[in-house]
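Data first, discussion second: the structure below is written as structure tokens.
A, B, C, D and E label the chains in the order they appear, each numbered from 1.
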Amino acid sequence: MENNLKAGYFPGCSQTGTAREYDLSLRSVAEKLGTELTDVDDWNCCGATSAHVTNHTLANALAMRNIVQAEKQGLTEMVAPCAACYNRLIVSQHETQIHPELKKEIEAILDSKIENPVQVMNIVELFTKIGADKVKQAVVKDLKELNAACYYGCLLLRPSDITHFDDAEQPTSMEELIKLTGAKPVEWNFKVECCGAAHSIARKDIVVDLSKKILDDAVAHGANVMVVACPMCHTNLDMRQKAIKKEYPEHKEIPVLYLTELIGLALGMDEKELGINLHTVKFELKKETA
Amino acid sequence: MEEKIINRENLNKLCRDIIDGGNILIAPGKTEYTVIKDTSEIILDAGSKPTKASYKNYAFPKAEPVIYYKKDKNDIELIDIDIKGKKTVILGAKPCDSNSFDILSKVFNWDYKDDFFNMRVKNFIVIGMMCEFADKYCFCTSVGLSPVSEKGSDIFLIPLDENNFAVRIITDKGKEFMESYGKYLTEGNPEKAKAKTEAGKSSAKMPEKVFNSEEVRKWLGKNFEHPFWDGIGDVCLSCAQCAFVCPVCHCFDIVDEDYSYEEGRRMKNWDGCQFGHFTLHASGHNPRDIQGKRYRQRINHKFKYYVDKFGEILCTGCGRCSRGCPVSIDIKEIVSDTVKN
Amino acid sequence: MTEEKWEPKVVAFVCNWCTYTGADLAGTSRLKYPANMKMIRVMCSGGIDPVFIIKAFERGADGVLISGCHPGDCHYNAGNFHARRRWTMFHQLLEYLGIDKNRLQFSWVSASEGKKFVDVVSKVVNDVRELGPFKGYKELNSEFTAVVNGLKQEVNKAEAVNG
Amino acid sequence: MDELRNHVKEMLANGTVAAVIGYKEAGSPMRTKPVIITAPEEAILLVFNEYCLNNLAVYLTKARVKNLARVNGTIKKLGIVAKPCDVHAVIALIQESQLKREDVYIISFNCNGVVKDYGETLTGETIASKCLHCDARQPLYHDKVFGELKDLPASPDEELAKIKSFDDMTSQERFEYFKNEFDKCIKCYACRAACPMCYCTQCITDKTIPRWVESSAHGRGNFSWNLIRAFHLSARCVGCGECERACPMDIPLSLINRKMLEVAKNDFAYLSGRNLETPTLVGSFDVKDKEEFIL
Amino acid sequence: MKIGVFICHCGENIGRTVDCPRVSKAAEWFPGVVHSVDYKYMCSDPGQNMIKDAIREKGLDAIVVGSCSPHMHEKTFRKAALDAGINPFLCEMANLREHVSWVHDDIEEATQKAIDLTRMAVEKVKRNQPLATIKVPVTKRTLVIGGGIAGIQAALDVANAGYEVVLVEKEPSIGGHMSQLSETFPTLDCSQCILTPRMVEVYQHPKIKLMTYSEVEKVEGFIGNFHVTIRQKARHIDASKCTGCGLCITKCPIRKKAFNSFEEGMAYRPAVYVPFPQAVPNIPVIDETVCTYYKNGKCGVCVKVCGREAIMFDQQDKLVTEEIGAIIMATGYKLYDISKKPDDSFIKGYGEYGYGKYKDVIDGLQFERIASASGPTSGEFKRPSDGKEPKKVVFIQCVGSRDDSKGFSYCSKICCMYTAKHAMLYKHKVHDGEAYVFYMDIRSGGKMYEEFVRRAIEEDGVKYVRGRVSKVYEQNGKYIVKGEDTIAGMPVEIEADMVVLATAMIAQENASTLAQTVGIPYDKYGFFNEAHPKLRPIESTTGGIFLAGACQSPKDIPESVAMASAAAAKTMVLFGSDMLEREPVVARVNELLCGGCFYCRKVCPYSAIEVREIKDRNGVVIKEVAYVNDGLCQGCGTCTATCPSKSVELMGFTNEQIFAQIAAL
């Protein structure tokens, strides 16, 4: 196929650790869709978590180093599948654009000029860029058995003045995307509710309560699977279901898939190929005769 | 007529002496005739293309104050400008340039004696040089000059070889000037120089004679209202490039310029007959309202009126106006076309 | 004129409705600012031709201030918006041609901003004072005789006339 | 070439156009000059090549040329042979109400560049600097187009580099540079005459009551004139470079015009003469225009 | 030219820091000055007489007065000049007080500056030309755009003063938003009861020409002389025949195709309808978009039932032109519809409140209709989804107001009051119900307003929670309102049956388009701009166009009515004389030099530049040049600076005058 997309890929730490399956599924799906992903050379921390609460300059410098790195590779577009990475990169780009002083400071730190030509995309934007038609053409398996609750979390959409991506309160872009696979999106309340995010480790109690609320609402609205686009959300919603179950024995488990995994399934890949078997809450498609 | 030889080294020394003596030396530089500060700036090459502009600027500046004034509540005080012309040497003037001051002197001394021009020209020493360049725009031969014409030069140089020039002293002024620089001259061989000039006359570097100026003058006298003029100016853009680079165009405009609340000066500025407003009357009427009429004026002035009045063609055939014309109008073609009609 | 005695000469072109009135307010409020600036009133900042500025420099101004109503407050609705575009182009042109950007400054001063008017005038006068006399444009005037004629005497003459 | 001549011949013969402004050879195959033809048989004179330097749009506003289009009380079309970059000037003139789109018949070419100066062979060295940053080698508007695009000889954009280099100079250095350049000016106004956008009935420099610009060609008169000329063309200049080419004193006018083009491009994303639909930069505004330079 | 200079000491005001005698002495030496004096108070009678005597005795042609700001006394001295027999525009002022003596301390500096300013004024006045005041006749008819309470009030006031009024309303009936309201704060009197008589009065007034279902299409001309084109949209009913019996409405078979916009979409209306029973005029309109006849040419039930043969299916829009002297803008407001995300990207919408998604999340006007006795529920509190009586209602204030990030920065001003009213009305009818109000601040400035809010809290037990709501979502048929109580410092969740959003009051749809049509400025929100926020709140910056009501900014009823009466008074001031006089500071084109680029036309804020054709002897157009319409030109001079060939000059501020001032620096 001609007109194949070429984009940079900023994996970020999660993709190499807790969210290995996200990385795995993204790479295989991209390959299947004829998209060439080029890893950013010598990438480093995006500046999330500790950096951006303790040192503003450091956080921005970390993020901008990755951008500059990509720029040196001649990349014009770059996908950051992790919502936190995406957010850090795009916010830092914004900050350096509006604060020339900061830009100068960071240029001095990085010893390199910042031109900011690289367009950072989140995972949903990547698929939009690839094109709905192309995805639809590649679908070989109809996922009509799935009633999916799309969960966006916080970092994908906010601050909307900077991300310029979808409606921060009533987003619909993921729903549009999964419709292509035959899966049915459910209308529910907590698409953008807080999952507890970085409290995952320090304050498990908070995360348990928050995540349960989200999961319950999805189930209440008829979902049989959740779709996420962020490794941290996945951690909280999938991995913590065990803890939830412990706290609330009546809890009804619901599998949580990465967006890439769901699309991968529709493209005919199996669970193992996509790393779905690595999830806490097990998931398997019904074995139908094709 | 005396004839000596000077080599380049000595010529340079001579130039140095001129400058060091507190005089002004003007010579062809990279693109234009320039006031030389360092002798290395001089480009003395008989085969070089004429500069874009002539050197008339040095005797007849593009803008010069003619009087200063001071206003008071009730009167205006005038302060004359005292021109003390400084000795100025023009080195390497092309024959099509060297004649220009002679031609201009006629008009500047016709009824009113223009001191501004005269005082400067009086102090000029023109060292002309034989020309070994000709392109399709050159037509000095058609206006009674030639690449070896000594007209207007006080001293004339003939390049003998790479390194040596024959020096011909033409006028008394030239002689007087050269006396103090005798040490740089060696005895010459008049034959050699003569041979060189003869060769120059017959060589391919000699512009072809394209019109007979007398025929042109007669034709112009009879054909003031001729359809030939109608379309002639339609492509002309009405700038004054041609007049301002011309060695002998001499129209000027007088304007008063205040430069403070009380003081000001009266300026004499170059003007050009191709400008639309050149003949614009205060009433709004313009006798030369279209470009054809302006072009007719230009040709008539050069090849008829001036000749009738002063016996000189107001053109040296240098071809600068044609070479630089933004719309490639060639005066030579137009003049030769007149008589064909 | 000797160097020690030099005082910056600043010309301001201001609109009738906002800045001129703002300057009036500075007066009624008895605020103080340097006397170096003289104001020329026009109806709207949209009516200020860049040639006014050039004329002011030609006439020996060391600095020029242009001021009008804040965007959206124009008495004529949109005059200052047009002016703003014109200035964006003009000030960059001047800067490019080597006229320090502090020699020509722009401001929005509303009729209620007497204090801002004082601040702006003081800033402009101080900036210009720091830059010193605008030799560049002034010398364009005297130097030409030397350049054109090569005759130094005339410069002396001109100076004698000036002196 | 024959295509052009035949087409013009036909257009003149069938009365589509009253006259055609084009190029003809001027003494040598490597120099051309403008020609205005009204008879079909004159079409044979026309040429088009890399020596067609003039921007013929300048003639569209001349009264004598406009008169050619008035035939028996009706207005006919004027034909113009225009390089794609010259078409910008035609468009700009239409935007400035100097002519109507339906009154001009644009014959254009897919352009392969022109030379800096007559008599040179087109190479990377001799190509006109405007061609190096050309954004429209195919005409944006035309009624007839000829020619095929070929690769342009490549060469670095020295003009832009020169403009950028001014950033590193102090104001005084820049002032000195431009002052020296402007000192050369002899006020022949060839720049004005050659400029298609300088169509004013009376140029402000010719206005005497009051005197807008000193007419003397001294330092001050020259600086002010060049400054005002540049300003009047800011955001109107189409970058054809005719002023610089016409200048007998080699003043680098393009350095100024190009800079102002860059300013208009950077600050307002505006290029003049590209689009009949967009409002001209002068004469329109956006409440969100930048203003950080205003106190 | 003989010029007289008069330097004023202004008592000590100028004299203290400016050596006035020295200034007048210096002025004697200015070329052209034949008379120069200084005096204690130039503006006093003896001072003015001094000027007049000097003009007469010395035969002065022009005068310069060095005194205070021209904004202060220019008129005074121009009048003095006129009295003494010279043209008033040959008088210039040098501002020696506000711009010299009051702002400088050093006597030497101040005196020198005073001399300079005087010299500049002298140089300017030398080049002044005598100008004549421009006089234009006034058409004494008023156009009122908008038939809400403000428009009604303005129209009645002007008409009662004896001037003709044209009242244009885009809806089929006048009445506006006020007719939708149930009761009004702080008196809780019935809105319809006080409004309807006024509507009828308008209808019956002999001086008022009422044009409903009409819109202003074009406004040309200028103060005193507007030519207005109005589009009368086709009602498809012959108004001259219709008796308003309503048979067509009751018989129309289309019952559920179109929402009733008067009921804020909570009810349906037939294809032929009047917006509400008390409509004025009581003439129905046929809605082409839903009427079967326009689909397939069938039905025609209305034709059959109409005894007056008033149905006109083929009626077309009609363009009517009116000659008008003054215009009152009373176009009102609309509510910010948060369910839609407007195209304008700075409005973000409030997806988190679920408006448009949940039927029981409604806005203030919908609540008014539910509360109204004539509304879809006949005044009973029933929630739209299931018709059950809501037992717990949450009111959220400042939805879209005072919210930079998602809505508008301004305060909508009336929501605090109407929310209190809503809560109160609810509690009065549903005694066992609970009402919660989430608020940011309570802004209840106004006569009896604060008392009204206190009554809601103290007497009716409405629970006020200070804080914002972050989300409203449905759970088991209830609406969970998640918010924060900032006083308690706690997050709160309320299970409500109905949620009422006090959405922002925003500019009327197409307000900016209308403003452009009429030629008045508007702010970034689309509200029309007043000429001066303090001193000219009623006038727009365009002469002869006045503002009334919420089209200028959010307003409540009494304010709108007050403003409408003020606007009416302003038009009467205008109609007080037969001719209008204007300062002759207008632009003039030199047609000989004009190159016809029409940049002036592009920049003119008043569309005052017209095209004039210049013809030769044979009548052939040789060029088109600009021409200034004196009536429209306001004298800003933007054209003069834009003109590349300087063919246009502003009278009184010509370039020559300004150059002379620069030269005299």
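Basically, contacts are C-beta pairs under 8 Å (C-beta built on N, C-alpha and C of every residue); 3 or more make two chains touch, one makes a residue touch a chain.
Predicted model only: the values in this text are computed from it and were never measured.
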Shortest path length from chain A to chain C (each step joins two touching chains): 2
Minimal step count in the chain contact network, chain C to chain E: 1
Per Cα centroids, the chain farthest from chain D: A
More contacts between chains, A-E or B-D: B-D
Taking each chain's C-alpha mean as its centre, the one farthest from chain E: B
Intercentroid distance (Cα basis), chain D paired with chain C, Å: 33
Chain centre separation (chain D, chain E; CA means) in Å: 46
Centroid spacing, where centroids are CA-atom means, of chain A and chain D in whole angstrom: 53
Cα-centroid distance, chain A relative to chain B, in whole angstrom: 80
Touching two or more other chains - residue numbers and ranges from chain D: 202, 204, 211-212, 214, 218, 282-283, 287
Multi-chain contact residues (two or more partners), chain E: 524, 592, 603, 642, 646, 655, 659, 663, 665
Residues of chain A whose C-beta touches two or more other chains: none
Interface residues, chain E side, partner chain D - complex: 524, 592-599, 602-603, 620, 624, 642, 644-647, 655-656, 659-660
Chain C contact footprint on chain D (complex, rising order): 166, 171-179, 183, 204, 212-214, 218-220, 223-224, 227-228, 230-231, 234-235, 256, 259-260, 263-264, 267-268, 281-283, 285-287, 289-291, 293-295
Of chain A, residues touching chain E in the complex: 160-161, 167-170, 189-190, 193, 217, 220
In the complex, chain B residues that touch chain E: 71-73, 258, 261, 284
Residue ranges of chain E touching chain C (in the complex, touch as defined): 69-72, 95, 97-100, 102-106, 109-110, 112-113, 116-117, 120, 521, 523-524, 541, 585, 603, 605-606, 634-638, 640-642, 646, 650, 653, 655, 658-659, 661-663, 665
